[in-house]
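Following are the structures in question.
In the two assemblies presented below, subunit A is common to both, partnered first by subunit B and then by subunit C.
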Partner chain A sequence: MLRFIMNRLLVVIAVALTLSVVAFFLLNIAIDPAQAIAGEEANFLEIEQVRERYGFDRPIAVRYLEWFSGLLQGDFGTSYYWNKPVYQLILERIPETLTLALMSLSVTVLVAIPLGCAAALKPNTMIDRFALGIAVSAQAIPNFWLGLMLIILLAVIYPIFPVSGDKTLYHFILPSLVLGTSSVPPVMRLMRTGLLEVMNADYIRTARSKGYFGWKLLIRHSLRNALLPVVSVLAVQLGHKFGGSVITESVFAINGLGRLALESILGADIPTVQILVFIFAFTFLALNLFADILNVYLDPRLRK
Partner chain B sequence: MTEPLLKICNLAVSFKTHYGQLEVTRGFNLTLNKGETVGIVGESGSGKTMSMLAMARLLPGQAYVSSGSIQFAGADLLDLNTSEFHQQISGKRIAMIFQEPMTALNPVYTIGRQLTETMLLHENASQAAANKRAIEMLEAVKMPQAALRMEQYPHQMSGGQQQRVMIAMALMNKPDLLIADEPTTALDVTVQDEIIQLLVDLQIRFGMAMIIISHDLGVVSRVSENIIVMCKGDTVETGKTAKVLTSPTHSYTKGLLECLWKLEDAHGIAKQSSTAAVLSVNNIEKTYSISGGLFRKSRTIQAVKPTSFSVFSGETLAIVGESGSGKSTIAKIINGLISTDQGQVLLGETPIENMSDKDRARVIQPIFQDPYSSLNPSQTIGYIVSRPLHIHNTIAASKIKKKALETLEKVGLSSDFYHRFPSQLSGGQRQRVAIARAIILEPKILICDEPTSALDVSIQEQILDLLCQLQKDLNMTMIVISHDMAVVGYLADRVFIMHNGEIIESGEASKVLKHPETDYAKKLMASVYSVPRAKIL
Partner chain C sequence: MNIINKLTAKKDLRDMTPSEVMLRKARTHKGFKFGLGLLLVIAFLGFIAPLFISVSPFEQDLSMRLLPPAWVDGGTWQHWLGTDGNGRDYLIRILYGARISMTIGLGAACVGMLIGVTLGIIAGFFGGWVDQVVNYILTCQLALPGLLLAMTIVFLVGPSILVVIVVIGALHWTLFLVVARAATKRIRSLDYVTAAQAIGASKFQIMTRDVLPNLKNQIIVIFTLEVGVAILSEASLSFLGVGIQPPTPSWGLLIAEGKDALFYQPWLIILPGIALFLLVLSINMMGDGIRDITDPESNIE
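After this line comes the complex of A and B, so read on.
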């Protein structure tokens, strides 16, 4: 088990290294950092002055090593746009994004898993069709549209929830619904097909022959087996929610990492953007690792 | 007269289909007293399993009991609703064991949990009491180190051990009736013997009634005093096992026995064996390594220890052994599907590794075990059979169809089959297609890996006959890989017995099968059940 984790950890480190290279090089090649700092109206001389002052005239590999060694020592760099250390910017925004990600994942789990189970237990019935209908609509509806509609309906016409902002947990309910809905289809479908397969397995017949039926059969003998693939997908979905909530955060004016990313991109703030890209990707990796470990815990066949 | 434990009257099971109701069994009757055993015999699709699943309420979704009654210990089982049935009967008074122990146990829970829950579900017992009972039962099924097994998972055990766990699980609540559905079909013959013996012993010890379902007359004749023979959903014969097997009245039973005996009698006509070796295997060796990760040592398994032999032109060589003996690895090496670590395989004079896949395929063709999965479901029979001709360009394109039709005819399939798809064919017909595909290039060597294990007894005989006939007509050399002594006896001129990657005994078929010398070979032969014979017809 420990070996498995060590192996995976090494892979994560290797991928993270590659990621840091890609994040750094792409951004520094795509945008001229000196131009970005000096501003649109700056003349050639001013740009060159900035280039020299910030050391942008040195080779890109040298700058990368400098940046990466800083990263390892906890120095995330300083934002040109916000005039603040990047780590401070990120620390300020993390709670909002984390709250949104976890709440929307709860929405996904609470909707998709029971719905998937119900659909699998009664295949080709009204319940199954209903679940499929929900999955198709959730997949087809864009996040921003659903967000706007929910605001109009539940915040403007029937003012139950606040329109936007991130002051209290109450503010997070509507955005979590929006972000959570987008993950319902894949999770629901996987739950349904997984459980359908499990319910036809020989060991379920064995469990029936022992006297299990109904809910007890589902909980004691099918759920754990069917959840194995779902766990991996949930981890990926949580990664999406952590890094991909740019639109939802903008629609609901939540000051999270997604909005920070958007604003930094618009402001051509390379130090912040490259750290954010790195963080989003790293979160993804970490969550996948976590899912792998969870899978090993749930499935003894993977333990060797 | 005491009331029988189980009395099934006129039971019929039907399937709901798009075209209406389809009856799969009808008029099934069975009476079983406490402590008695009955065997149900029939081929796949005969309805033997359906009748039992109906009784245990394990029928698949579309199937239902369409008529009849099932009296068990004085109550009509069909009158009970689902929860009553599961609470009072299943696992408690009627227990079941299945064919595939690997898939019948839940892979994610420990043996201990799966054993104890059976008791906890039906009795108000403590976990400690359930653990105690579970260990007792594991000991009853002769599981070595019973107490340590409780923490193990199914995949950490061998097939035989898994089946023992299944049996222990069925016994947890000391049921009145045990239904065993093909309990040994998925196991090696030597293990089969142990499990059957165990079932007989346990039945006496616990005083259970037992219903054993099998396609193997040998197994049934060994354990049960009464027998029911089923065919296509009908009960064709019932009675005392000894009587039914010695003086069958129904033509189906007679035919079944004839096939069996014909298979058992090694035909022993030693063919003129030439001394020219078509294939020589020199010191081949294969070791599989199970790779570790960065921090784990990789483990190695020696599947084939250094082995040499020659195959002579026109003969049939059988390689016999249990799963894991290395026989399939040798077949794969000769087929060029995997490479050897050491040594080489010579085809005539040429090392097989120096030949291109195409050249090798011209000379050596395989027939695989499962015709259900070895044919591409999306291609027509005509395409499948003629494909080798297209690849090898041995004859003009205009003649390919004619040749394919001729070859189909050789394997006993009419030209109607040319445009059909594999899914429209029976198992026996599919295996004929696989044979046609293999012989269309007129190879010198045919490698048959368990050519009939996936088929019913009556079909087995036809396929084996066909192989014999084709071998003679086309003057091919055959290498047969099998665990089934009857098949080997029927086909082989020479036999190799493999055990743990080595050939431990070899010689003429009649000699090796009838008078084995090594202990392992003796054990292997002894574990084959034969059916008591008498003159019939």
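After this line comes the complex of A and C, so read on.
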């Protein structure tokens, strides 16, 4: 177990390192940082001055090492666009994104798991078709459009929810519905196929023959095993929610990391963007690792 | 009598060639037929219909701004779906949007297929450390926040249709890789690959002539689904302002432009969204259908 975790941890560190290189080089080659700071109208001389002042005239590898050693010491750099330390910008915005991610994950769980169970318990019936229809539609619906539709319907025509903003938890309900919907199809399908498989297993037949049926059978015997893969997929989906927050946060004007990312990109603010890319990637990796460990912990068959 | 009919029907099936079986499955698969039909209608509306309409999607008429669709009060049959904030005919803009979406979807899926299938075949064929290197690249790609990176690169490089295609394609190849690798691993231990090796075929020949053609069915399924994903990505990028730029009528961009009129002219958002939904829905249903049809295990029914 310990060795498994150590191995996985090494991979995570290696990937994180690679991604930090990719993010840094990609962003610093695709755009001239000196040009970005000096602005569109700056002439050659001004750009050169900026280049010298910020040290952009040194080789990119040197700048990367400087940036990365700073990162390790907790120095995330300074944003050109906001004129603030990047870590401060990010700290301010984490609560909104975290709230959104967790609330939308709850939406996914509350919709996908019961629906997947119902579909698996009564395959090829109306319920099953309905669940499949939901999954197919949710996959084809553009996220931002769903958000705007909900605003039109539930905030403008029937003013039940606020149009946008992030002041109270109430403001987060519509955005969570939107972001949660995007994870419903994969989770629901996995729940359905997993449960169908388990229901055909020998030990379920044994439990049936002992007189268990209905909800008791589902909760005490089949659901436990069928949930194992779902749990790890949920952890992965939570990672997607951080990265996917860009669209939802800009539709609903939530001041989270996603909106910060969009604003930084539009402001060509490389220091903030590269940290955000790194943070999103690292969160995803960490959640994946967590999912793997959780799986081994929950399923004794995987322990050796 | 009924039973005899069933028996003869089954016998027919046994005499059929694989392609005849597939064709028959395709004819009886409701989802596939619906998806293909809807897709053909949208393709016709996007590529053929505009040839017969003389209105330009860029022509502005400021005296006719923000007209609602014809069937709503205040609409005219001169502009069936109304006009946008600059007085441009909305129907023709939405029709042109279908072209943009389909072009980008197909293009990006091709780019992704090229990267993913190549890496997948190489990893599956050679195995060993090559496979591990490819697996490492895959892990890195999966961890990258795709949308965020796409936004950044498109914005920094300068948005154009070609850039959007390449960037979206370069970020959506993981499924191709996983599927191609698994299938290649299975195929490379089959007898005909050994036979090809025995008569002296080079590795490259085996990969392109023996392995690749046998991946066709699985790749087509992934390709179809990735076209849908790419179309939604393009719409998201354009919606956020870092994809297709005005005045080109991309559906994502139309929705972004309509957002300002959210409170009083919601159809500016509703209409392109429905178009987008129907296009992706048709493609996904077709992809699911092809998966069922090409799967030799699936039942005909």
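Going forward, the second predicted complex is superposed on the first by the 304 of 304 C-alpha atoms of A that agree within 3 Å, B and C clash if a C-alpha of one lies under 4 Å from a C-alpha of the other, contacts with A are read in each partner's own complex, and residues count from 1 in each chain.
By our rule, contacts are C-beta pairs under 8 Å (C-beta built on N, C-alpha and C of every residue); 3 or more make two chains touch, one makes a residue touch a chain.
Small disclaimer: the values here were computed from a predicted structure and weren't measured.
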Simultaneous placement of subunit C and subunit B on subunit A, clash or fit: fit
Which superposed partner A:L285 touches (first subunit B, second subunit C, both, neither): second
Touched partner set for A:I160, first subunit B, second subunit C, both or neither: neither
Touching partner for A:K210 - first (subunit B), second (subunit C), both, neither: first
Touched partner set for A:W145, first subunit B, second subunit C, both or neither: second
Comparing the two partners subunit B and subunit C, which touches a greater set of residues in subunit A: C
Touched partner set for A:V62, first subunit B, second subunit C, both or neither: neither
Contacts of A:M6 with subunit B and subunit C, given as first, second, both or neither: first
Which superposed partner A:L91 touches (first subunit B, second subunit C, both, neither): neither
Superposed arrangement (fit on chain A Cα atoms) - minimum subunit B/subunit C Cα distance in Å: 5
Doubly contacted residues of subunit A, that is, touched by subunit B and again by subunit C: none
Of all residues in subunit B, those that touch subunit A in their complex: 56-58, 82-83, 86-87, 89-92, 95-96, 98, 100, 103-110, 117-118, 121-122, 153, 155, 166, 169, 293-296
Residues on subunit A engaged by subunit C in the complex (per definition of touch): 11, 14-16, 18-19, 22, 26-27, 30-31, 136-137, 139-145, 148-149, 151-152, 156, 242-244, 246-247, 250, 261-262, 265-266, 268, 273, 276-277, 280-282, 284-285, 288
Contact footprint of subunit B on subunit A as seen in their complex: 3-4, 6-7, 10, 201-203, 205-214, 220-221, 224-225, 298-301
In the complex, subunit C residues that touch subunit A: 136, 139-140, 142-149, 151-153, 155-157, 228, 232, 235-236, 239-242, 252, 255, 259, 262-263, 266, 269-270, 273, 276-277, 280-281, 284-285, 288
